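Okay, so chain A shows up in both of these, paired with chain B first and chain C after.
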Partner chain A sequence: MAVAPAGEAVVRLRGLLKRYAARVAVDGVDLCVQRGRMHGLIGPDGAGKSSLMKIVAGVLTHDGGTVEVFGQAIASERDAERVKQRIGLMPQGLGQNLYAELSIEENIDFFARLRGVDEQALAARKRQLLAMTRLERFRDRPMKKLSGGMKQKLGLVCTLIHEPELIILDEPTTGVDPVSRRDFWAILDELVSVRGLTALVSTAYMDEAARFATATMMLGGRVLAEGTPAELLAALPATVVSVKCREQVEAQRRLGASFRDTILRGPWLRTVVDAVPGEDAPARARSAEARVREALAGLAIEALDVDAPDLEDLFIARAASAGVAAARFAPAPAPAKRMERTHAPDYNAIEARGLVRQFGDFRAVDQVSFTVKPGEIFGLLGANGAGKTTVIKMLNGIQPPNAGSGAVAGADMIRAPGQIKRRIGYMSQAFSLYLDMTVRENLRLFAAIYGVPRARRDERVRELMRLCDIEGIEDMLAGDLPMGRRQRLALACALVHEPEVVFLDEPTSGVDPVGRRRFWDILFRLARHEGVALLITTHYMSEAEQCDHISLLYAGRVVADASPEQLKAELAGRRGELWAFDTPTPQATVKALQAAGFAGASLYGTAVHVLDPDGATLPARVAGVLAPLGLQAGPPHRRPLTMEDVFVERVLELEREAAQ
Partner chain B sequence: MKLVRAMVVARKEWQEIRRDRLFLALCLVVPVVLMLLFGYGLSLDVENIPFAVVDHDDTPASRDYASHFSDSRYFDFRGRLADEGAIDRLVAANALRAVLVIPPGFGRDLAAGRSVRVQTVIDGTFPVRAMTMRGYVLAINAQASTGIALEWARAATGADERSLAALAQPVRLETRNLYNQPLRSVWSMAPKLIMVILMIAPPFLTVLGVVREKESGSIFNIYASTVSKAEFLLGKLVPYVVISLFNALLLFLLARYLFGAPFKGDPLFFALATAMYVVCTTGIGLVISVLVRTQTAAMVVVAIVTVVPAALYSGAIIPIESLSPAAAGVAHLLPAMYYAQVATGSFLKGVGWPVLWPNLLVLAGYAALLMAAGYLLFSKRPRT
Partner chain C sequence: MMSRMDWRDVLGRGLELVRKELLQLWRDRVLILFLLYVFTVDIYLAGSGLSFSLHNATIAVMDQDMSHASRELASRFQPPEFQRVAAPGDPRAAQQLLDTGRSMVVMQIPPRFQADLGAGRQAAVQYLVDSSNSVLGLLAGSHAAEIVGRYNLEQGAARLAATGAGGRLPGVDNAQRALFNANQNEAWFMGIAELLMLVTVFAIILPAVAAVREKERGTIEQLLVSPLRPLEILLPKVLAMTLVILAGVTLAIALVLRGVFDVPIRGSLPLFYAISALYVFTTSGIGLLLATIARNLAQVGMLAIMVLAPMMFLSGMWTPPEALATPVRVLMAVSPMHYYIDAGFGVLLKGMTLAELAQPLLAMALLGALAFGAGLARFRRQFA
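Take a look at the complex of A and B:
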């Protein structure tokens, strides 16, 4: 493969415009992807990422602007054909573009022969790529029997088999467990740095932006921000102040009134404090802390932490200033009435004891136990296929367990499934709304279905519209609402009968970060003001941080069960803190550190992360490994541990145990 | 165009079809089941009509007259009714379709040489069936009447029976039904069913195969690759054409050996015309699958576009000549009629090349037109 000099633009878009009937999907986007770089497109569903990528791959027409790929202007099917052999496209949807009935090898062979790869080259590349992705052992397994992570890697192999110079990957990590995700990024990093591949990769996870050399944040078809991760972060002059306060409800109200963006994370309140113009970095942190303390004057502050903002904070700030979404949160209104629920102190809103569910010879759920208290937000985390949905179905009394027992809202799940259904609210990923009915009609219908007395219905509908922040849109059709509002309507519908337990199955997939924050705001009101127990599943690890308590499900088993804080503290105690170095040679550096036995050494864009208990001696030990190899690394910065680190370490440990 | 690449696509398609048991079953079983269901269910013969007699006369003469009906193979004699009161109820309940009412004094009047009136009550729910029953009734009555008249004449003149018969009916009509002598409707239905099923099944398979790729997103593998439109379409369609040809063979065997329809024509010609027809109906599937995006939509469109013309505008049930001029015009615009003529001609009439070559030409033209349309409408860089 002839590698052209770095810096040459492989993809250049100017004023790109794409319309679907009346809807504008891509609205005047300029973009340039340099050769040998991994460029990220970051944004929620509907941001225009997929359309843009398809246009670049030459599989979708555009309505305005210019598209140049490898210097070839793409204006017709014929133009696109000229560069297609040099491009690999992996469309969105895990394994969706693969052939379910075909084995791994047959899938690869098909892609290769479709591209006219000769058999000798095919055999060699197949061997190499299967080894790299560790799929070798599963050669003959039909695609439909692969796990999410394996499908994703197979998709990558199929995209690479004709040795394209540019690969376009549309949300390759959505719905994949964090371990496979990390694995996938490592493979991709290697391809880009070692083979000089150019990659255009999209993601809906804001925290993945740090993995790209350069990234473009998109919302509503427009560019919100672009640059290297460092440039992106520098573009938001703000400080994040986290406080722990006993009077959390009051503290949240005050912070919400004073600052743009406040969210709860378990016992913490996390506030983004915008800098006053002219402040330098240290002054900025000091003044932010002072302003937060001032806002909370008179309340006892148990702990306070100051940190730099992350990319999600940037996204929300930019979305607000672009006016794309109203990002300013209304301060939570005082509860209309405090729900009086009196329970014994040892009462559990949800109790699962040793739940087992077997499908044929496949054990989907294996000895799952946990408890959820009233007013608690409980997160059930895990990759697609980890058993989350099956657990929820058993608790809801829809599916009987093969073994184990449980109770929900005081009703036994085996003896009284009917009672459970009356006492809980359920909101699914699909939202199950009637899209050709208005907001009010949907709410009234659900109220009628759940048997809310006729005299109470109007009042309840009004309450819910206020609670779920959907006032003023009563007469709009549900189908015309943007995702965020539709999601809040779905939540309102799940609450019509004032359930004491609410199940939320991936309620935020596809919703933009601004919408997600508003949604969580409502969840906190429900939990903290009304004492409702919430069980939520999500594959956003950043959302996991917002739960009071979480269970990690892996292959049907609970592999961790504590509060996010405890889990992180436990990891820090056992494996050490998380340290990041910048290095000009990330690939070689991470390999050297892995070989030298540094725990959790992994690649993060241009930085290398390791877990280490001793920050003081770390630079010397790292230098000791790198110097003989002629490698360099900057000084280590301590980074806060994330739930993703917890999950990945926990699962890798389990895999090591299983291997022994 | 490289044939090798088309074969790569075809091979993958075949692997998928073969391993997807449900789909494979759908491919092979459904046409046969349709043939059996329609073959046994769509008989247009009107026989064994449930029939009863109200005999107010109850004399040897009246019973003799009624026996002409009850002995006929067309009527299934269910019994005698005391009076007309029960007729409405029994006909409404489908227990009876025809009732013969003989008035009191029937035997006496006949003996006295007076003409008498009898009444038949016929279920007119289905006009075609009612017309057929009416025809039977008229014919049986005519025969019975003639017998009685001859009886009178012989009694009056003492002449011999043969000359009297010649006198009563100077012109005797003999009919010979060409091509389908016993007028077994299944003989003529079976070849037409082949036409109907081969109109419906290949487009269904094709849209499922193509639109499935669109729905899942695997079509982007094709869009994004350098495989040409022609290579892809050829590779994609070949397996479905082959499966449909195999189905055609099965249907032919069923028509010939299960339903016993005679095949008198040129097998080679019939095979060629059938292949052309299958390519043509597969092309209908191709055009539809290029235009729609979901499998559900594709199936609805296929059902409308194929079932209606195959059933109504092909001559399968209603002869083209009986259609209104507008409808007949429509029939001439659609391929079903041309293949229906080939099927009927090959099975029953024993005609081939000399008579039916224009039909083959029309089918070939259709196939070419549809494939070309599919090719032009298909884009590797679509608008949505």
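Take a look at the complex of A and C:
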């Protein structure tokens, strides 16, 4: 392939417009993707990412603006045909473009023949790509038996088999666990930096924006922000102040009244404090802290931390200034009456003791135990297939365990599954609503199903609409609601009977960050004001940080069980702190450090992350590895450990143990 | 054990769920229009359009005799049954008429036809019948045979008269009296048959669609974690769909069967409704069974076609069981539709009473209960 100089524009969009009937999906987007770079599109469902990518790939027409791909103006299907051979598109959805019944090899062969790759070249490329993605061993395995991460890697191989110069990947990491996600990004990084590929990749995970050379944040068909991750962060002059307060409910009310964006993270409250114009960085941090202390005057502050904002904070700030309704939320009003639930001090809202569930030869859940207190937000994490759903089904009284026991909301799992069903609320990731029924009809139906007395139903429906912030849309069909509202309606439906325990199975997938924060605000109210115990599963590691207490499931077993804070402290104690340094040669640097045995060395855009216990001697040791290879790296900065680090490190450790 | 209060709760929940099913159906305007269409226009078309008698069958006469006798025979092929078209000159032209479909029957009258008859010898005519539609082919053949037979008789009688042996031939007068449908009005038969068929189709499809939709949307999970038991989830669907189908039946009977075709409803209408309700309720088990197998609407559609096609063949609607081979008759005995058709025609046209229908109804109820039980059991196993 003729490699043009880096920096040349491979894709250039000007004022791109796409409409579906009355809805505008892409609304005047300008975008430039440069050769040899990984360009990210970040935004929630419905931001216009997929439409934009399909237009660039030439499989969707546009209604306005200009599209240029490889210098070729795309105005007709024939124009698109001219560049199609140089493009590879991987559509959204796990294994969506693959054939479930065919094996890995058959899938690859099919795509190669479709693209007219000759047999000799095919054999060579197949070998190379399978080696790179470590799928070699599974050549003959049918696609439907692959894990989510493996399906995505196979999708990537099939997209690459005709050696395109530009690959377009639509949310390749959605629904994939954090470990497989890191693996996928590492492969992609290598393709881009070593083979000179250009990649346009979309994601719904804000924290993944850090992995791109250039990132474009989108919302509602428009561009919110664009730049390198560093540029993006520099564009938000704000400070994040986290405080730990015994009187958390009151503290949250006060912070909510004074600042734009406050969320709960276990015992912490995390507030984004916008800078006063004219402040420089050190002054900004000092004044932010002072303003938070002032807002909390009179309350005992147990701990306070100051940090830089992250990309999700930027997204929310931009969404707010772009006039997205409710990007700024009002503080949660305290409920008129506080729920009176009196329990013995050792009472557990959820108690699982040695749960086992066997499917044939496969042990889906193996000796799982944990407890959840009333008013606690409990996160159940794990990759797809780790056993989360089975645990929830057992606790819900739908599936009896093969061994073990437990109680939910005071009812025994084995003897009284019917009691459990009456006392719990459940919200699934599908937001299981009747889309052809209105908001009120949905709520009334579930109220009837749960036996809310007729006389109380209307009142309860009104209460829920207020609590879940869905007032004023009573007569809209659920199917016409945007994702965020639909999600809050689903939550309201799960709460009709004032359950003591609520199960939430990936309740925020597909919802934008603003919607996710509002949702968590309601969860916070339920837990802290009404003493409801919440069990939540999520793929968003940033949400895992918000839980009071986490259990990590791996192959059906609990492999970590503590608060996020404890888990991070434990990782820091065992493996060290997280350090990031910039380098002009990220790919070679990360390879060299991995080879030299640096723990957790991985690539984030132009920065390399490592875990290391000794920050003082780290620069010298890194230089010792890099200098002989002619590589350089900047000074290391300490970064806060995230739940993703905890998750990935723990699972990799277990995989290593299992391999031995 | 459940107290009385609990039962009231269960009932209240059930009614709310029936209401929900009806509401959802009502919001599905396309389905509503389709239901309105089939229970009116479709039954009308079936009753008035489809016909099993021979109408204007095209016949080409290749007359190689060109005699008085041959013309006499040919002239007996008249409307409404037959319609004469161009006379081909040679066998090749005749074949072409059949091949191109311009003629359905070719009758060849050989040379010396009149001479042979006159001499008292056997004269032969040949028919070539396009039997690609076997029913029409058969009808055309038998009508032609009847015409020729009558011609034969007349020829014989004429010859007898000529020899002076008296003008009458001994013979059996075929006196036939049609019961229940005196004019053998096909609209009655076809209209009722179509209605019974539609009831069957929707009894399977509507509950299957309602159930599989919940599965597709994931709402079924939400119901399963609620205090509802599997039966409480399925029963309201079946009840709601039974109501909808009975409404369709009412429409069809009032507007089409009575309104247009003047079908005399001889039996008790309430009895027919009761039978239909029982039938719909029990047959819906098959639909629920399909819903547990299928993953989406498209699959339900295909499975329904797979199940409905043999059910209809084996319903006895087009062929009485006595005419079938024994293994097929055994299969027929397990098709609930077979009993419904017996009972349906029995009540509507023959005015049969409950007592007279006890046996088919019992069989229908039994088979239906089995289907419903199987559907419920699979549903339980799949989700619980």
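One rule holds for everything that comes next: the second predicted complex is superposed on the first by the 659 of 660 C-alpha atoms of A that agree within 3 Å, B and C clash if a C-alpha of one lies under 4 Å from a C-alpha of the other, contacts with A are read in each partner's own complex, and residues count from 1 in each chain.
Basically, a contact is a pair of C-beta atoms (placed from the backbone, for glycine too) under 8 Å apart; a residue touches a chain by one contact, two chains touch by 3 or more.
Fair warning: this is a prediction, and the values are worked out from it, not measured in the lab.
Enquirer: Looking at the overlay, what does A:I449 touch: chain B (first), chain C (second), both, or neither?
Expert: So A:I449 only meets chain C here.
Enquirer: Which partner does A:G387 reach: the first (chain B), the second (chain C), both, or neither?
Expert: A:G387: touches no partner chain.
Enquirer: With the two complexes superposed on chain A, say which partner A:I398 touches: chain B (first), chain C (second), both, or neither.
Expert: A:I398 contacts chain C only, not chain B.
Enquirer: Quick one: is A:G418 in contact with chain B, with chain C, with both, or with neither? Answer first, second, both or neither.
Expert: After superposing on A, A:G418 lies in contact with chain C but is clear of chain B.
Enquirer: Scan A:G221 for contacts with chain B and chain C and give back first, second, both or neither.
Expert: So A:G221 meets neither chain B nor chain C here.
Enquirer: Looking at the overlay, does A:A430 come into contact with chain B only (first), chain C only (second), both, or neither?
Expert: second
Enquirer: Looking at A:E101 after the superposition, I want to know if it touches chain B, chain C, both of them or none. Which is it: first, second, both, neither?
Expert: A:E101 sits against chain B, while chain C stays out of touch.
Enquirer: According to the stated criteria, A:E441 is in contact with first (chain B), second (chain C), both, or neither; which is it?
Expert: A:E441 sits against chain C, while chain B stays out of touch.
Enquirer: By the touch definition above, which chain A residues appear in both interfaces, chain B in one complex and chain C in the other?
Expert: No residue sits in both footprints.
Enquirer: Within their complex, state which residues of chain C touch chain A.
Expert: Touch residues, chain C against chain A: 9, 12-13, 16-17, 20, 23-24, 27-28, 217-228, 383-384.
Enquirer: Note which residues of chain B are touching chain A in the complex, please.
Expert: Going by the criterion above, the answer is residues 2, 4-5, 8-9, 12, 15-16, 19-20, 216-218, 220-227, 379-384.
Enquirer: Which bits of chain A are touching chain B when the two form their complex?
Expert: The touching residues are 20, 54, 57-61, 76-77, 80-81, 84-85, 87-89, 91-93, 96-102, 106, 110-111, 113-116, 142, 158.
Enquirer: In the complex formed with chain C, which residues of chain A make contact?
Expert: It comes out as residues 396-399, 418, 421-422, 424, 426, 428, 430, 432-437, 441, 444-446, 448-451, 454, 477, 493, 503.
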